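Here it is, the structure in full.
In order of appearance the chains are A, B, C, D, E and F, and numbering begins at 1 in each one.
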């Protein structure tokens, strides 16, 4: 079993910075359920830049994590096993070349039947991840926590950057769009019908204002209802939360949810779904002077791992019956 | 028409730092609806200091803005035209002399029938702005978002600083006090009856605790009811919001509203009012390590511009009928 | 009477940094009701470190305080008198030796019938404080605002650090455990039954999730009901609030209450209790780039002082009848 | 004449942030000698990233500049006229496309017979600048202040990034290599013969250690001797100076010259040369917490402008004789 | 005897922040040789602002000081006695009123025959200090370490700010100008003859470039020769040193001396002079992210105290002979 | 052979943060020449604190390193092989217990005949390292770069902290004191004869002022002469350099050498010595906002590795002859 060391024996600040101090392995051994993997790519950034240092920052803050999730009632490593796979070898300055390397790298993980949890990197990486996912799983549902739709047709005459991955994914047939949902959209938009256009692509879109009106529980129900039993990829852009909770991001939008609301939505909205992968993107450490953005990111990944653990526990209980 | 360049053609981080990359003009051309103007004055500060760099910081963070406001449903530049007028020439260290220059500078804008949106500077500047406003418009209503009443009789034996503008404005007859309202007051006070004294001056005062008890919608209704159809000047002290959302300010008071609540209050409380001017004050960049204060300030100014646009749209629709 | 100077005569930023610019006295004169005292000790820190600079930071931010608390309706210095006693002479690197010095130092204050308000330092100091309190008052009730139970049996094979003070206090018979309550517990835990074990020690424990479910008012009622008329020590770990409001702490846990909620809970949950002492711990200035953590800490101490003032006012009114 | 306003009349912190508060003009009028232009491009960065905010930071710190250079004995605006041309419209994420836009933009300036002073951006931009220069002037000499040769053949299999501009410029025939010189080279290298290879390309290379051995005056003489009367482009990578003086850069190399040495070298090494253009690159504001890197950069540009002024003064004196 | 506590008994980070943990006394007792006093005034600042927090920052970093100065070979408290007198009550926003309060406050110290060591504050305060000095001592010599002459006739039409104290002092007859010297002048100037004009006022001026040419020892000799046996006031503007060593200042000028050079100049240039007062000005903590500016300032004050101690030792030895 | 990956293939910012991206191995394989090992211990700190995050910060900044050292003319991995051994399991808060674990951990490395390069951690760790070294090598010479002698008899009545390791090492017989040397001592001292007492212990001591007087080359000669052919342990306290170059340390002393001087002294003073171990201590990342301290530390370790490589090259050449 691959799991973190006991923090009551070796202090959490001691050790090489892998995620949660998980074993660092470049070959995926048998029996591993998930692999955390960094994708330090930020050439897709259109405004601020610096997400190449996101994986380092998230790993650094992940040291605080302990073994048990009391809200979900799960000690994930009692049921599953995970590693830190290190970073994929991106090519700074060259997005299409990087896409190939990301797709190859992630395919290695996915091909082993292991659930990848990618640490970005800007949001452009998710397109490459979805290509790797679709290679093995065919199109999948998408749950996107984000303040932006990231479905702009292009930027400065180019197809690929962090504002376009989901229109590209749709065009490439990587998604079950009618099982897919975007949550948290807010802020000024490039055009009057930006959100409508995204809906016309097939996505369900719940804006931030709709979250406040509907309440977290209802939004969680809608995510569950939308995805159903489809295989699902979860992408969490840290700009989903308000800049007070996550200043260290690329295109922060004020007036967003709190971390408390985000955590509840992740726990309740995703519980029991059929996960094929996760990512957590758009952490920019140079804009995160108190480290709270990376800390929140690490905790959201902790929830992802807890959700994987819950599913595994369910499965083991079913099997053992 | 004066408006920002298209951010999908020229990246937002490219260009001289005017507000929202608006054209920078020192002469106001015909057909302009509003002018953003910096007032980099901070000699009125009694605690921290540094708001002279507020206009620079707000302009820097305003680059993130895009053309459409989806909550208010308005693309302001479809209906109105605006410029950045640069900064007024204040005199650091000399408040009365600065007041004269601010009043003159703002009168030039107001005299053209253009709505000024001033970027402070500490809150002492609002007195000079109100003098310019009253020169043209006679006394006006005031909507003040703030954690402090700023109606102290004097400081250290002097009449002018950022804690006294609204008692001075009342004394000088610049305000329709019975149409004026202060919202968000909180924190420790210099005396037991500070808030009562402000009410006795004629202001309606809604404290932060009253906001939480009444709810945002009711407070918005009270603002609307108080102001009615009077000409109104809106002053937004960024310390209205909690320091978690706006650390970069001069006299931060804990326990305040969130940015989400502030935005809703601005949108709902001000929609359709008869604006003669706005300011956004008390941004202190040296206390804003993650830039979220200036970012929020820029977004609040975006709401101001959207509100101007909405009014203009209404007017154009009425005219075209 | 010992109280702060008038900030409308001498600006708040002028003067030696005592808490609230209170007189600095190393001998406690007659008639003093409370003494603020720094305990700059951080050898008990298991994750981050640096609380030795907590007292300095809290004192620095306390300058903003004015004389009246409008929510509680009390100007504390009309009824009581307080000083800054400076710092206790701890021994960095040596926890048991420091415990002795803290216990001695605090006993001097407590022995004079003065209520100590200690500024930490990491949470390990509270054990030494409770020893001093119990020396004079016998076991007392504890109200603990915290995201951690701090009742772990030991760390790395040692009994004393900032994760163990309350199990030690229980073992040493310093607490009326059945009158004691912990509020705000959240975050990942070292074991599945960490919270249950704390309850089995006798504490009432209200987790953060329970706070959100019950509401602040109900939690305040539970604190009041639990403590009743017992003598009570209040310990406030600043990590009780969310890292957006208090990034500058040692083991921040995301998804916590806001400062607004914290203040309401302090005011309503503690009003009228029979206080024998307070502390405010775990402020780490090096992780507090915008100073908002220390600012909040200073304001919470302001509420403590206001609560002392309220009790004194009640007493004086009863006496005068 | 285009020049900054008088800082004794309008405080330096007032006004839109152009370089030195020069007039901002997108059309180049007659009689202008130099144009400052931002090139906010950083897709060429191989290590850290963020130079897209370099022009903003340098402009912000340039406000400190006053009219006279007492060391060179020149008040440049007595003899010449300059503007801020704003930024060129780069394409983040796409280096070859950006190269085209930079080349076009710079050609407009150069085509008017105006000396461009470009503010980077990462060092990859200099290749595009040299293309524009060579279009008008044929190959020119290069004086490069830098800790790196930037003549690596390629990175990750690609030709263009900030480590390759000068091998490309050589290959493209943009340089008079035998009149060109690199100064300040230091730090670990990718291969044993990196410096030798650069010398074999034809450059004279003076390493940092050689600067210390030869002394500043001798190095200045070598620059002068190398360039002679050739048309020369000066490129100053801010990592030339030690990280103590310029922390805010992309690939800082310890053990470098001080700012005092850098300034003396710029003044003495370049005085009287036949300039066709300048740039100042690799300022990364997110790594410049005290702003000293951008401040130094602004002062080096001030020396460039002074050198242009000196040449102009010489010319006017010769003409008037 | 008034002196700091022993740092090997009570850790240096423990205690109220007075300078060097000296006793804090508002009445000056007999036998005191020097008094450190804060003057938190910054309304005279023409560029950046924030020196009101200078005294706090210098006191905070002064904690590092130990009892013996090995270079000067003196343990000052073996020969002299000193206190921290707290801060003088300035009036933010009102320079002439503040001048009166500073002059009064300092006169109290000077009137007791005690040498004041003032912690600024911006450089405008030195005029008020010199008024107090001259009241008791008649005109005195001035040694000014600075990168600016601070002898501009006026700013924005006003006589008083931090760029004018020494022309005012000359006009008011407070200085023995022919015994006075300015050292370290550099950076761009407002006019061609700024330095010459200062020389015409009577000051000896040694620019930074002259320091480098002459060497520290020769400059020290010139200071000694210039002042001779006159009573002397020493004013040290922290911008004398390079921004790499002192980023936290108001108008930093690149290309300056190192801290090593500054210390040698202070020790050798001032040794044995007949001091009547000192100040250390222009520390702006908000621009000092690593605290090195305040640290250097505290160490320069340590040298001042050592110099006072040396004089006292000489005197005691002469007396005892 | 264990060595870093090629940075021209995989960008330096990609990958788990080991030192220089060396392979991370917890078992030491055959043929390894050196092992970098973190010792994240800071309970010995008497002033500031936070060196537990030193290893993380140094590893993070070490990514910039490339394969060749052009000054020493060595590509170390052509001759030797090295790994990152991770961190030793210290016990925060408990110095004697930590000493045991450090001694055990280091003995494992040393016992394999591998040269340890420890990343601190505060300077107290060196005592434990020397115990491990002496276990295998008997007493060794010490070269100590430091601004403090660290030979105080005790602090607050205790024997162990970061101010005492070398008096303890002397008492324990771990050092060849007559072959040992301290370089760089400066700053205020606890007593008049602190440096003399250290000399009386047997150390040669060269103060900072002596370095400036003698020159770097002469000091290098003295180090070489002192150590001769003895086995030597090199300890580099980063406070050896001036705070402008290394702000991020625990007890910074102004007026120190530059990084350029430090590097030259390391290269020339240590070249060819018979190394048994190195450490680099007292990096405090929370005081290092621009990361230049950790960057310099990483580069000094690069010099250490280069020196090991040089020795190995010499040996291989001798063998091959």
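Going forward, a contact is a pair of C-beta atoms (placed from the backbone, for glycine too) under 8 Å apart; a residue touches a chain by one contact, two chains touch by 3 or more.
In this text, all values refer to a predicted model and were calculated from it rather than measured experimentally.
Chains making contact with chain B as well as with chain D: A, E. Between chain C and chain F, two chains of identical sequence, the interface residue sets overlap for the most part, with shared numbers making up over half of the total. Centres computed as Cα averages put chain A at a distance of 40 Å from chain F. Each chain gets a centre from the mean of its Cα atoms; for chain A and chain B, those two points are 38 Å apart.
If you average the Cα atoms of chain A and of chain E, the two centres end up 56 Å apart.
Counting partner chains per residue, chain B has residues 9-11, 13, 46, 52, 91-92, 156, 242, 244, 258, 287, 289-290 touching two or more of them.
Chain contact topology: the protein chains form a pattern that is neither a line, a ring, a star nor a complete graph.
Every pair of chains that touch is listed here: A-B, A-C, A-D, A-F, B-C, B-D, B-E, C-E, C-F, D-E, D-F, E-F. Chain F makes touch with chain C in their complex at residues 42-46, 49-50, 52, 91-95, 97, 156-158, 160-161, 286-287.
Looking at the complex, you find that chain D touches chain B at residues 9-11, 13-18, 24, 38, 40, 52-53, 56, 59-60, 84, 86-92. Remark: chain F residues 7-13, 63-71, 75, 242, 244-245, 258-260, 263, 289-292, 295-296, 299, 302 touch chain D in the complex. Chain contact summary for the complex, chain B toward chain C: residues 46-48, 152, 154-156, 186-192, 194-195, 207-209, 212, 242-244, 247-248, 251-252, 254-256, 258, 287-290.
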